[in-house]
Every structure is written in structure tokens, then in C-alpha cells.
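Structures for review follow.
The same subunit A turns up in both complexes below, where it pairs with subunit B and then with subunit C.
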Partner chain A sequence: MFSNYFKLAVKVLGRRPSFTAISLFGISFTLMILILLAAFLDAELGEEQPLGNRDELVFVDRITMKLEVPDTTWQVDSTLVNGQMTYDSTEIITTSNRSFSSAMLSYSFADRHLRDVAGAKDYSIYSPTFNYDLFINGNKLTFDAVYSDERFWDIYNFEFLQGRPFRKQEVEGQAQVVVLTQKATKQYFGTDEDVLGKFMEIDNKRFELIGIVKELSNSKGFLSGQAYLPITTANPVVLNNDSFQGPFEVVFLAGSARGKEDIRQDLDRKARQIVMPNPEQYNVLELQSSDFLSRYAFSVFPRRDGPDSSQRMLFIVFGGLLLLFVLLPTLNLINLNVSRIMERSTEIGVRKAFGAHSNNILLQLVFENIVLTFLGGAIGLLLALGALYLVNDSNILPNTTLRFNVSVFLYSLLICLVFGIISGLLPAWRMSRIQIVNAIKQNQL
Partner chain B sequence: MIQLKDITKVYQTKTIETTALNNINLEVPNGEFLSIMGPSGCGKSTLLNIMGMIDEPTTGVVTIAGQSVNNYHSKAVARFRNEKLGFIFQSFHLINELSVIDNVELPLIYRKASAKKRRQLAEQALEQVGLKNRMKHFPGQLSGGQKQRVAIARAIVGQPQIILADEPTGNLDSVMGNEIMNILLRLNEDHNTTIVMVTHDEMMAQKTHRLVRLFDGSQVQ
Partner chain C sequence: MNRHILRLLWNKKRSNFLMFLEIFFAFVILFAVFTIVTRFVRMYSTPIGFDTEQIWAAHFNFDNLPYASDTTAVLDMKERLKAEVAALPEVESVSAIGFVSPLANGRWQTVNDDNGFEMMTTLHWVDKDFRETMNLQMVQGRWFEEGDDQGRYQPVIISKKLYDMHFKDRNIKDSIYTIQGENRIIGIVENYKYSGDFTEELPATFLYQPPGSMDISNLVLRIAPGTPPAFEERLNQTIADVTKTSDFTIEHLKTTRAVKARQVWLPMAALLAICLFLVINVAMGLFGVLWYNISKRRGEIGLRRTLGATRGEITRQFILEIMLVSLAGIGVAAAFAVQLPLLNVMDVEAINYYIAMLMAAGLILALVFICALYPSRQAAQIHPAVALHEE
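On to the complex of A and B.
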């Protein structure tokens, strides 16, 4: 039966070449866009190094201090009762913000208050915000530097191309060692071969190169730098700063999804318990915690309400884009399919006269549509491969390589199938219900 | 046997009511070759369509091989049509995108026959109508008479008990028309197939066992 349907599907495609071309264009172009989008999302949000533990991470990257004071207002309601005016007054007590400050954390705050958090298997304090100008052979290079502890390398699974990360003893001993990305290594030393053990100068200090890691994509901006240095080698003034705010953030590794919730709850509890040094200036403390997705969303859509609000916005925007790219072509295809299928009403009538039930007709027409959609999908796939090559080659997304991998391929196959079924279902259902005698009479010579 | 009892068909629009068939009572015994004649618009094709269960009467009961039809959309009726009935249309209604053999196999697809069995039966049916050598051709490559022979092959491939032919020679010249008529007569004689044929051709009708005439939706003979 299906070979018969397949033969017919292929023949029907050739019946009206212009219709077929429009349908195929619609499908293939849409699929190309969707595959590109899927590849982009995979690069941004996938579990590629160093975010293999992505789903177990909780970030604390912001501390907010406020001065909240009670604000009393009176509400007076007047009513005329038995000719006399009566007054009902209500005292409404709210709080208002007199001042507000939000910034990253200081090392001393993180070290003192965020060591033992319930639900956390491990944690790391690091700073992604330093940059240094380096001069090589008269040329200036600007390197972004990340200062971190040794636990940073346990939580983030960087791919080491050569060498190793710095260890606990090296951090405690303020050893001047450095890990560079491959590109940074080539920029500084001119090559990435036989360079381990060599020295480079950063912030007027000599650091020994002990490891070379693979480049990160742009989206990992919150921990992607060119150079990674032990936190204890940072400027002592910055390290020993006693205030709550500074240039550091903390990442916690939970053992499970439940652990993430425990971490966030414990952070809220700690924030309420911390004694403010100057309550006349700030009397309320809030720690902004987020998981990976909301952290990413916050970097794309920074919202005053915090990362969770940003994540909602991200879903709305991406959902809207997806709907646009899937719904519009699907509606178009449904339209095209209605006219294609109505042309075949006589054939449908004859099939039913010879024993086809409505479900047989539905199956046949949806099958034909799936064939068309997979053909469009194959063309879309080729277009997408070409587009991926062009995007990567042109460096439109610096430090980001879009890949066509198995998950992207499976998503696109699934989209093909859903496309085929949805855009064929409605017109096929309408046609399958048509009375036999009416179907045969249509298009009669 | 086909039994039509008190069959009426009324077409209703917002303003007009048209009676296509008015209280028709008719029995067609097994193995009979019946012709239905009448002027254009008298309800011949409507009557044939109702017999074939591809149209519903407004009132009345259709009984075929002892089974009355209640729900025209059910799977049981579709299966019944597939197993017991074969249709031949004036305009042939072959599927142009399929080859001759694929067209003939069509009823067997819905019988869930294996590909091998389908092919075997289709070749036999084409042999019966003298077109086995054209089985890889497409309808566009055939003459009118050849197309109608393919349509006959399609109608008989499932060995139905009843064939309903709506002006099978209407679009053919007299030579081809005679050829088709001979095939139908042979089917009826050799296989005892019940055939009900709508025709305008008096000479063709005289070759059948019985003639029923309709006028303005009513049976007059």
C-alpha cells in the first residue's frame, strides 16, 4: 500500500511543478532557518565544554543592597450617614526604597558568607572582569583575565589541549602560573607548540604557562577569558576589600535538581541573616541567584526583576520566533495543500467507491504530504549546511562555531514530520469526509 | 440480489426542492444484466449511485446480498463496496499518474492483499479485457476504448458479485462501444456477474436481460 502511495506522491509532485516549487521553497527555507536556530541554541545552551555540569549549577553574581524605610500614609473615606458626615481613616504602612545599590560580590564577602551553603557539593569564587594590555613586539594585545580558585576547574570541565589547571597548593601559595586559551597562546607566543613552561608578563608580574585550553564560544562570556590566573595573585587591594561589593561571583555545584532549590533557599536565608555594616545606609540585602538558563537569559535580556524574569522574556521571544517561523509557513502550506487536494476530488471519490474508507484517504494524503515535506527537508538540510559553513567562515559570531550535530539533525527531522502532518491534516480531513458522488461529479469532463 | 424499497431522493436548496427519484421499488436477481434507460435528468445515474451505496437515498432502504445499509460512512459499507461491487464510469476516471496495472490494482489495495497477489490478479483481469501487453502504459497513452477496458479490469479485479456501469459506452464510438458491450456480456455469461447498466443506447439495452425505464424520477417500465 505504501509503495503505491509513494509512487503516487512522487507523480503528484510533478503534476503542478509551480505549486511543488513554491511548497518546497517554503519548507526548505523555513527548515534552513530552524536548523540554523537549533545549531545556534545548541552552541549557546548545549552541554559543550566547559558547561558539562550546566544543569547542576547555581550562580550568584549580584548583591543588592537597599535602604527600605516604612512609609505611612493615611486613607480617609467619608460617608454621609443619616445626614451626618462620617469619616473612616485607615493607616497604610508600606516600605519605600530610599537608596539602592547592585553590583558583583567582593572576595571577602563571598569567602566569609558563602562557604557552607546547604545543597552545594562544591563551590568556586572567581572574577571574570579583569583585562590587561600586553605588548608583544610593539603590538598591543588586550587579554581578558579570569581569576579563580582551584575548584573552578572541577566545576567547569574545560578541555585541556596541553598541560593542566592550577592546583590547591599553587592557589594557596600564590604561585604565578597561568592557563591560556589556544588562540591567546598563539597570539602571545606566536605558536602553541613547545610553549608550556615559558613565561609571560601580566600586570607587571611573570607567570609560567602551565596549561592551554580550547577556546570558548562567545556566549560563555561570563567565564571566557584569554588568561586564567590563581585568585590569590589578584591585586591585594581588590582581594582584601572589606565591603560587600566587588568584582567577583560564585558558582555552586548542586548534586541534583533538588539540590539547586536547596541552594537558592539557603542563599535567601543567609541574605536575611547577614548583619549590615551600615544599616543607616543600607538595611536590606539580597543575593541574586540563578541557574544557567536564567543567567544566560539575563545576559541577553537584563531585567530589573532579575534573571527569572529574563528567562521568561527569553522563552517568550524564542517561542514567538519559533511560532512565526513554523506557523506562517504551515498556514501557507495548508492553503496550498487545500487547492492541490481539491483538484483530486474525483480520484478520492473513485478510491472511496472502490472501498477506501475516510481513514485510508487521510493516511494517503498525509503520507504524500510527509513525502513532500521530507523532500523539502532534504533540500533545507543542504541549504542549512551551506549556511552553517558561510556563517562559520565569515566569523559573524566570533568565537562561536555552529555545528550540525546529531541532536540538531534529529530536531530538524522531527520538525519535518510535524510540518508534514500538520500542513496535510486539515485539507486531508476535509477531503476524506466528502461524499463519494459529489467528489466524482467534481472535475467531471 | 439487489433490492430497492421505496427509494426517494430529494435535493434540497434554500429555495428549491427537486425530486430526483420518486418511490422506486426494484429488485435485481443474481446474475441478471439489467439496463436502465430514460431521458437526461430522469434520475438514472442517481438510481445507480444509490444502488452502489455511493449516494444516500432521502428515504427508503437498499438491501444488497441480504444486507441493508444504514450508515453510508461506516467502514463496514466501505468494505462491502470493496468486496461486492465494481464500478465503471462514463469518463473512465483512471488515475493518470499511475500505470495501467497500478490502476487495476486499486481495489485490492483496500483489501490488504499482498503485492504479489495484487499483481497476479491485476494481470488476470487485464488478460480478460485483452490489455495485458499495455500494463506498463499510462492512461494518457491509451485510446478511449482502451481506457474503458482498463476501467472494466479495475472493476472486475476483485471478482465482485455486482458491477454498476454508468453509460460505459457513452464516450466511445460505436465500434469501441460494441467491444465494451461484448466484454460485459461475456462477464455476465461466463461468471454470472450481476450487471446494472445505465445507457442511452437502445441497441445496447436490447442485448441485456431486462430494461427499466425512468421518467422524471419515476419508474415507467
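On to the complex of A and C.
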């Protein structure tokens, strides 16, 4: 049956080439853009290295200190009642923020207060904020340096091309060892062969190269370092700073998705319990925690209410835009399909007259439309591959390589199917319910 | 004639509804995108107000100096730092400034109503060489001079934006206002859009930072034209020698400006490209549908022609039909869209919405007109005899 439908569909498409071309143009471009979008999202939010544990991570990257004081307002309403002035006074007590300070964490704070958080299987303290200008033969290289402990490598599963991460003894012994990304290795040493064990100078210290990791394919600020160094080799002033704020963040690994909630609750509880050193300066402390998605959302739409609010915002904005974007080509296709299907009223009338059920007609017409969408999808896929190549080649998105992989392909298939069904359903439904007499009678339109 | 067309439209309301819906959503999308684009283009149209071409900036983190607790040593270092950098022959001029550096992400702002009106301004601590280094344009008054911190009131220089917002048409030279403490206004500068090309210009106030101040955390330098890139290594070394740390970065404002601008125009270009595709898509769809619908109405056209309608009248009828449907779609969508500026839902100036609305409506109507023109003309060419014969 479907092979018959297929033959018929191909015939019908050939009958009015200009209409088919218009439909295909719309379908293929829509799908091309959707495929590009899927590839982009996959690169940004997918489980690429080093984010294999993406769904189990909780970040604490901001500590906010506030001075909240009760703010009393006297409000007096005067009204004239029977020639007499009456006064109605209200006292409104609110809290007002006198001062506010928000920054990343200091090492001593993280070390003292965030070591045993309920629900966390593992944690790591690191600082992604340092960068150093290095000069090689008069060329400047700006390296973002990440100072981390050894647990960093367990939580983030970097793919090592050569060598190894640094270990606990090395962190404790302040060993001057460094892990570089592949590109950074090539930039600094000119090659990435036989470079393990060579030395490089960062921050006036000589570091031995012990590992090379694969380039990161994401644009997330907290993981975009080129050089990874043991936390103990960082500037001692920074490490020993005993105020609450500094350049560090903490990542926790939860055993499960539920564990994430436990961790975040425990962090809130801890934040309330911490005694402020001088309450006349700041008397309230908040720890801003986020999971991977809300942290990403926060970097795109920073909101004062925190990452969860950003995530809602991201979903609303993104979902709204996507909906509008898909809606328009769909409506357009429905419009075209309605016109085009009317032409075939005679054929359908005859089929119905010979006993075809409405559902059969519906299935046939939707199937034809799916054939059309998949044809458009194939063209769209080719266009998307070309566009991916162009985007990567032109380096429009620095630090991001869009890839076409299995999940993107599956997404595209799904998108095609949904698009085909939606745009074919309404015209087909209308046609399948057409009265036989009207359908067979010519010029009744 | 018009009532006749309305009745025709009503009779075919089902197929016209789809067209209506398509126009409706096309307007919504174009309105949204044009609002964003208008907003950024209008921001871009105010000049940035300073040079970026030969300007470098060095950002320090003096909290982490190994001798940070020795205040005299830090002060001494900060004074020597500016002098030694200025002594390099490639450096034309250098200025030591506070926490907020041009095109960096920092911001310091203050709001008060001590002057009898609510005034918001960003604060920038700069020294006497800042104007010359950045090539700021003075509108009125003078820039800071050495010894300006000696007077009874701390002198400030405000931007024209701040002047226009609160002091328009008043002579405020040497007036005292409460901005950051009590300050004497000694000058007005033209523009200072320090966050980048595609940002809103915020009112700015410059405060004088005397040499050797504790709060110095950035240097801006004007490099002589034709300086080889290798000079940066020497500059880096000079700074590292004076500060005894390598925890600082040097950035080229020209590059930073381009990168910041690109973060805006790239998504904007992508949005416009998607819009362009949507518009082409809709146009082709409309064209196809109109062509098909009109060719289905040959009988009707033949009859009207026989009864004496001219070709122009036939063309006009079809164009009017489709324009009315479009106007309905645009009208309903605009009724929704106009709520945004009326209710001030988002922090966007109302004028942006209205410009976007006009652009979206204009584009859609023009497009519909073009798409309707050819099929309607074709319809008008139909010979009555042929059309009626088919019937």
C-alpha cells in the first residue's frame, strides 16, 4: 500500500513543478536552520568532554553578602471628614539593602565551609579566572589558566591525548606541572610531538608539561582554560586570603539527579548558618548555586534573582522564538497544501465513491506530505552540512566547533517527521471529509 | 465595490483565515526582530566618544601582590609604574585610572536625590592625562589639572548625556552638586559610551584621582603609530619589573571593541538572515496560493469582463482583496504589539517599538502587493470569451 502511495506521491509532485519547488524551498530552508540549531545546541549543551557528568553537577560560583536593615516608613493620610481633618498613619516595615557585594569565593571559604556538603559524592575547588600573557618569539599568547585540585580531573572527564593529569601528591607537594590543551601546546612549543617533559614559563615559574588534553568544543567561560595547574602553585596571597570572596568556584558531583536538589538545599542551609565576621558591614550571606543548564542560562541572561530565574527566561524566550519560527513556514506549507490538494478533489472523490474510508485518504495524503518533507529534509540536510562547514571554516563562532553527529541526525529526522505531519494534517483532514458529490462535480471550489 | 469585496472575502473565510494567520505571525516575528535591530542600531548611532585605534589598556589585580600589606610600598610602586611606562619612547601618553576601565566589564554607579531630583550616574575615577590619552572631546569647561584635589570641593566632569538629562540649558560651570559627596562641576565632555558600540550611553561622571592613589587598578596607554607588535613584550616586562607580579593583562582596545561589537551584530545578522528567509518563504507561498486561487476564478473574471469591467478594475479587485486580508492580519497583530510600549513591559524605549511596527507593516504590505500584482495582472488578461467558454 505504502509503495503505491509513494509512487503516487512522486507523480503528483512532478505534476506541478513550480508548486513543488516553492514547497521544497520552504521545507529545506526551515529544516536546514533547525538542523543548524540542533548542532549548535548539541555543541553548547551536549555531553561533550569534559562534561560527561553534565547532569550531576552543581556549581557554587558566587557568594553574595548584603547588609539588610529594617526600613521604617511612616505614611500619614490626611482626609477631611465633616469639616474636620483626620489623620490616618501607617507604619510600613520593609527590609532595605544598604550595601551589596557579590563575587566568586575565596579558597579559604570554600575549604572551610564547603567540604562536607550533604548529597555530594565528590567536589573540586578551582579558579578559572587567571590569565597570563606569554611571549614566544615576539608573539603574544594569552593563556587562560585554571588552578585546580586533583579531584577536578575526576569530575570533569577530559580526554587526554598524551600524558596524564596531576595527582594528589603533586598537588600537595606544590609540583610545578601543567596540563595544556592541544592547540595551546602547538602554539607554545610549535608542535605537539615529543613535548611531554618539556618546560614552559608561567607566572615566572617553570612548569613541566605532563599532559595534553583534547581541545574543548564549548564556549563556557568556566571551562575554557588552555593551561591547567595545581592549585597549590597559585599565588600564595590569593590562597591564604582569609576573606570570604576570592577568585575560586566549587563544583559538586551528585550521585543522581535527586542528589542535586539535596546539595543545593544543604548549601542554602550552610549559607544561613555561617557567622558573619563583622555584621555591621554585612549581615546576610547567600551562596549562588546552579546546575549546568541554569548556569548556562545565567551566562546568557543574567538575572538578579539568580540562575533558576535565568533558566525560566531562557526557556520562555528560546521556546517562543522557536515556536514562532517553525509556525510561519508550517502555516505557509499548510496554505500551499490546501490549494494544491483541492486540485485532486476528483481523484479523491472517485476513491471514496469506490469505498475508500476517510482515514485511508487521510493517511495517504499525510504520507504524501511526509514524502515531500523528507525530500525537503534531504535537501535541507545537504544545505546544513554546507552551512556547518562554512560556519566552522570561517571561525564565526570562536571556540565552538559545530559537528554533525548521530544525535543531530536523529533530531533532524524527528523534526522532518513532525513538520510533515503537522503541515499535511489539516489539508488532508479537510479533503478526506469532502462530500463525494461535491468532489466529483467539476468547478465546485 | 468595497462592500462587494468584503462579502467575497467573507464567503471564502476559511481559506482567507489561513492567509490572515500567516500575515499575523509574519508581522509578529518581523516586529520582534525589527524591535531588537532598531534598538541596537539606535544605540550604535551615538558616537563612542573616545579613540580605540592606538589605545592599549593594562588591567591589574593589586590585591594579590606579595607585598600587598605594605601600603607605602604599593603606593610607591603605583607612582613609579606610571612614570616608567610613560618613559618608554613608544608610549605617547599614559593615564592611571580606577576600577572602571573603558570597554571592560566593570561598572560603578550611584543614585541619589540629594539635589532635589533623582539622579543616576556612572562613576569613573581618572587622572589628568585621561582626556589626552583617550582623546575625549570637551563641550564646555576644562579637564582636570594637577592639584585639583586640593580645593574645598572635589571637582567633577560630567558627560553631556548627564547634563542633558538634568541640567539642560543651564549654566552649571563651577556649580556645586551632590554626586559623590559634594562636587564642583568644572567641565562637560561630549560622549563617553564606555561599555562599547552597541550599548546604551549611560550618564557619566569623572572624578579626579590624584597620582599615587591607592585605588589605581588600570592603565590606559596611547601607543605611537607604527610601533611593532614586539613592543608589547617589552611593555609587559617593564610592568612586571615594576610591579613584581605577572598577574596582569594588556588588551588592545581596538580588538576588544571589535569583539564586543561582534557579540551583538553576529546574532543580529543571524536573526536578520532567518527573517529574510522567512520573508522569502512567505512571499513565495503567497504568490503560489494567489496564483492558484485566481486561476480558479476564471469564470467569475470572465463574467465581470463581459459585464463591462475594465482590466484595471479586475486587477484592483484582486489586489484589494488580498490587501484587506493582510491589513486585518497586521491590524490584529499590531493591536497586540502596541501593548508592549503602552504597558512598558520591557525596559525598551517606546520609539523602538513604533519604528519596528512601521517597518514590519510596510515590508509586509509591500511584499503582499508585489506578490499579488502579477497574478492579478494575469487574471485581468483573461479574455472573457475564453473564460466563459470553459465554463
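General remarks:
Just so we're on the same page, the second predicted complex is superposed on the first by the 421 of 445 C-alpha atoms of A that agree within 3 Å, B and C clash if a C-alpha of one lies under 4 Å from a C-alpha of the other, contacts with A are read in each partner's own complex, and residues count from 1 in each chain.
The rule is short, and it goes like this: a residue touches a chain if its C-beta (ideal position, glycine included) is under 8 Å from a C-beta of that chain, and two chains touch if they have at least 3 such contacts.
No experiment lies behind these values; they were computed from the predicted model shown.
Within the superposed three-chain arrangement, the count of touched residues of subunit A is higher for C, of the candidates subunit B and subunit C. In the superposition on chain A, contact of A:130 is made with subunit C only, not with subunit B.
When the two complexes are overlaid on their common chain A, residue A:347 makes contact with subunit B while staying clear of subunit C.
In the superposition on chain A, A:22 makes contact with subunit C only, not with subunit B.
In the superposition on chain A, contact is made by A:238 with subunit C only, not with subunit B. Shared-chain residue A:382: touches no atom of subunit B or subunit C. Once chain A of one complex is fitted onto chain A of the other, the partner contacts of A:435 are limited to subunit B, with no touch recorded for subunit C. Of the two partner chains, neither subunit B nor subunit C is touched by A:141.
Contacts of A:33 after superposition on the shared chain: subunit C is touched, whereas subunit B is not.
Shared interface residues of subunit A, touching subunit B in one complex and subunit C in the other, are 445. On the side of subunit C, the complex with subunit A involves touching residues 15, 18-19, 21-22, 25-26, 28-29, 32, 63-66, 68, 229-230, 232-233, 236, 240, 245-247, 249-250, 266, 274, 277-278, 280-282, 284-285, 287-289, 292-293, 296, 299, 391.
By the touch rule above, subunit A contacts subunit B in their complex via residues 1, 3-4, 7-8, 11-12, 15, 346-347, 349-360, 435-437, 440, 444-445.
For subunit A in complex with subunit C, the residues that touch the partner chain are 18-19, 22, 25-26, 29-30, 33, 130-133, 135, 138-140, 142, 202-204, 235-238, 241, 321, 324-325, 327-329, 331-336, 338-340, 342, 396, 443, 445. Of all residues in subunit B, only 49, 52, 54-56, 73, 75, 78-79, 81-83, 86-87, 89, 91, 93, 95, 97-98, 102, 105-107, 109-112, 115, 154 touch subunit A in the complex they form.
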